[in-house]
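Okay, so subunit A shows up in both of these, paired with subunit B first and subunit C after.
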Partner chain A sequence: MSTWYDMNVILIQTTLTTLLLALSIQVPLRFGVFSFAGVGAFGIGGYTAAIAMVRFEWSTWPAVALGALLAGAITLLVGLVVQRLTGLYMGMATIAFTLIVSVLAVNGGDWTGGAMGLYGALGEISIPQLAVVVLVVVGLLQLTELSSMGRRVDAVRDDPELANAVGVNVVLYRRMSFLVSGLIGGLAGAMTTLLRTTITPAEVNFHLVIVSLTAIVVGGSRSWVGALIGSIIFVWLPTWIAFVAEWEKVAYGFIVAAAAIYLPNGVLGVIKDGWHRFRTRDERARAAAVAEEA
Partner chain B sequence: MTVTTEMPTAPLMEVRDVAVHFGGVKAVDGISMKLEPGAIYGVLGPNGSGKSTLLGAMTRLTPMTRGAFVFEGTDYTRKPARAVHRMGIARTFQTVRLLEDRSVRDNVLLGVDAVGRSQRKEAAAQVSDVLERLGILEIEALRPDELSYGMQRRVEFARAIISRPRLLLLDEPTAGMNSAEREEIGGLMRQLLAEGITQFIVEHDVQMMVDTCDRLYAMNFGKLIAEGTPTEVVRHPAVQEAYLGKGAGQHA
Partner chain C sequence: MQDVLNAATLGSIYLLFALGMALVWGTIGILNFAHGATFMFSAFIGHLVTQRVELPMLVIVAIAVAVGAAMSALTQLLAFQPILRRAKSQHAAEMRILIGGIGIAAIPLAIAQRETRSSPFGFQSTYSAEVMEIFGLRITTTGMIIVLCGLGIGIGLTVWLRQSRRGLALRAIGVDPETTAGMGVNRPALAFGTMAVAGGLAGLAGALLTFQLGAIAPETGDQLLIKAFAIIVLGGLGSMAGTVLGAYILAGAESFVLEMNWGTWVDAVSFGLIFLILLVRPQGLLGRKEVRRT
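Take a look at the complex of A and B:
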């Protein structure tokens, strides 16, 4: 076991940081907000933490906290500006925000190290510490999926007018989803950067949108469990399909396309549907019998 | 059960000269009503007469052009839609609107998810009662797409009454139901009335309205064309004309 752990430390670490990034995109989606601002928050969090450590000699955890808080605050402001947009337009505006962050990183001079990025942010984060942070985030998100809060969130996403009609403050919920997305994205960026000790503008780019979105599409968009499944699949896939060698990207593409077509609610959706069918088999038979009589 | 207009008590709900215009279209054009507690009110009118728009405005989901709404003495014209539910006004929709991935029980509980904590606890304790009364307790774990249309309607009904509203707004509650189901819903409305829930129904099915309502309004082209007891309103020449065309009034 411990040799397996030692051999796969990097993959475990990447799984956890990818999960945080995926959650920063998934949270707004769960609230019906098509926002990719979490990726911009990832960049802000990463650069903020690196600058705090390299330029101001802060220690690891204050730098991480500053990165997450600043990213959360800025993402909330972006949310206030774009909150009236819907669907694709919201997606475009928030991708633009992400691109602006990477342009600022390139042109930030000494602050951001330009195209070369920042080096030597020697954070001290162990895998158990990273795991605890992820557990806290996931635990808090679980509260938003349970009972009354979970139903309100579902209503805000699936039918905002209905949500309003039963008394839910839809606008407030959507704003909060930007704040949470920014905090989690910033946390992901700060920790990823301090684990790698470097950050460059090339790392804060559109490919992060694709990584997080595919993880959510394949795993499931309605719960953090789906994001976890998706993160595990995409971080570990290269080691599982090493036999396809240079066809790896093609295999990746097929998996994403197949999931989008055949698993509209991701792997988690299939599991949940199966469980639901099993649990309600008697009730469904009874309902069918009643319908037959009528 | 019958409504006497001379009653000195304050009305439960007052609609004051309400208008909703969409560009040049006057969907609702200067409607005034007083709803006393303890009765079932109905608004009758052909499709497109503005009755559903009026109901939308009453819940503040549809922006209004002018007028005011007063519920239990409180003018809520400027309050947001979400505040209306908390005041004690619940509604159902013209089409079934349920959360697809949620069970029947969850969909019903959504009706009290955004009210005060104490009221939510109280309602949660009664949810099985409400499900039972609507005949959906046995299927509480199923999802909407596994239910017949009539059953889905009952779930909507349960979601609206779980919060114990003082005023229940029903937008075509029996649309798409067979006659047995209609009668059942009519009976349920009378039962809810006995428990003190005043109801306001918007509907184009004349028979259903005559059977269920204590007092009727008739609307056409955004205006009230008649008001009174069900028989009075149905016999009113303007109503006959709206439903059957000119000249039909003489045969009534």
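Take a look at the complex of A and C:
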């Protein structure tokens, strides 16, 4: 077990940070908000933490906290500005926000290190610490998936008018989804940057949007479990299948397209459907028998 | 004046690229994220062919147009059509089409990056550009062809969409697909044709830009995709004249930024425009509210 752990430390670390990034996109989607601002928050969090460490010599955890909070605050502001947009327009406006973050980073001069990015942000984050942070985030998200809170979130997504009618404050919920997405995205950015010790503007690009979106779509967009499945698939697949490693990007393209066409609810959806069929098999057999007699 | 002419050439390239996207999105409601990949891959196939034999310009352009049309039509047939058939609501279909397009776009991009090792590629052609001088302004023959093609096709498409029966049918689909189908318009066939035309336009833009610049990088398509979105939003979705206008406005603004030596801010122009227009005038300059899809 421990040799396996030692051999795959980097992959475990990448899985956890990818999961956080994927969650930052998934949270607004679960609230019915088509926002990619989480990736912009990733950039803001990463840069803030790196600047705090390199320029002001802060220690690791305050820098991470500052990155997450600042990213959350800015994303909430963006949310307030774009909240009346819907669907694709919201999606593209938030993608534009994300890309503006990267243009700002290029033009930040000494602060952001320009196109070369920032180096030497040596954070002290161990894998267990990272895992604890991820567990806390996932635990809090689980609360929004359970019981009445989960049903309110579902209503806000699937039928905002109905949600309004039964007294759920849709606008407030949607604003909160921006805040949460920004906090998680900033956390992901700050931790990823301090683990890698560098951040460059080129990292905060459209590709990052695609990676996180892909993980959610393939895994399942309704629950953090789906984001976890997606992150595991995308980080570990190249190590499992040599063919995939060679044609990595082509394979990803096929997987994403196929998932969009055939698996609207991702792998998690298939598993849930399968479990449901398994549990209700007696009932269905009885119903079929009754239908045959009649 | 020379700068204006250069901006016009740039704007014509943007226009040729954006026209296909605007046509498809404004009528059959598909925001095709694989458009940039179609654009790039058509030029790439032209590059592969001209590595074997040297060809005149017209043949290369014809090849690129044919490849683009075929790719786009296949995308429609294999991905978007099945998604539209399976999806329950327009909103769900939109998001899955977006994601499916992103997945499909990754495939040709990865193949081209692999073959060229991410370095720019060009054509070997018997054609060589000559510099002409009109009223003291210098323009290459390629630039001339691009401007004429851009304006000609842009205006032609606008008029066709307004005057012809097919154009009427397409515009009707843009307003109310259900009723249009009820009035005897064959939606899948028309959608198929529209996608093929859009792909052909992408191929044309790809070949012409490659002739103009000498070589293009595999990633060029992705950058153009965001710019084209800015152009369509600026001009107003569903308005071809708006797209023509938007393309030249964006090219003019970018040329101005370059002229002022703010080179690193060029990308911020299109991202900023998206943001600004969506907030101030979401229907765009020439768009009408009722045609807008959300």
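General observations
In the analysis below, the second predicted complex is superposed on the first by the 275 of 294 C-alpha atoms of A that agree within 3 Å, B and C clash if a C-alpha of one lies under 4 Å from a C-alpha of the other, contacts with A are read in each partner's own complex, and residues count from 1 in each chain.
In the analysis below, contacts are C-beta pairs under 8 Å (C-beta built on N, C-alpha and C of every residue); 3 or more make two chains touch, one makes a residue touch a chain.
Remember, it's a predicted structure, so these values are computed and weren't measured experimentally.
In the superposed model, more residues of subunit A are touched by C than by the other of subunit B and subunit C. When the two complexes are overlaid on their common chain A, residue A:Arg286 makes contact with subunit B while staying clear of subunit C. Within the superposed three-chain model, A:Val106 lies in touch with subunit C and out of touch with subunit B [touch as defined at top]. In the superposed model, A:Asn164 lies in contact with subunit B only, and not with subunit C. In the superposed model, A:Leu85 makes contact with subunit C only, not with subunit B. Contact with subunit B, but none with subunit C, is seen for A:His276 once the two complexes are overlaid on the shared chain. Within the superposed three-chain model, A:Tyr119 lies out of touch with both subunit B and subunit C [touch as defined at top].
Across the superposed pair, subunit B and subunit C touch subunit A at no common residue.
Residues of subunit A that touch subunit B in their complex: 148, 151-152, 154-155, 158-159, 161-170, 222, 276, 279-280, 283-284, 286-287, 290-291, 294.
Chain contact summary for the complex, subunit A toward subunit C: residues 34, 81-82, 85-89, 91-93, 95-97, 99-100, 103-104, 106-107, 115, 206, 210, 213-214, 217, 247-250, 252-261, 264.
Interface of subunit B with subunit A (complex): residues 59, 61, 80-86, 91, 93, 97, 99-102, 106, 109-111, 113-115, 120, 138-139, 141-143, 146-148, 150-151, 159, 163, 178, 180.
Residues of subunit C touching subunit A in their complex: 31, 79, 82-83, 86-87, 91-92, 94-100, 102-107, 109-111, 113-114, 222, 226, 229-230, 233, 264-265, 267-268, 270-272, 274-275, 278-279, 282, 293-294.
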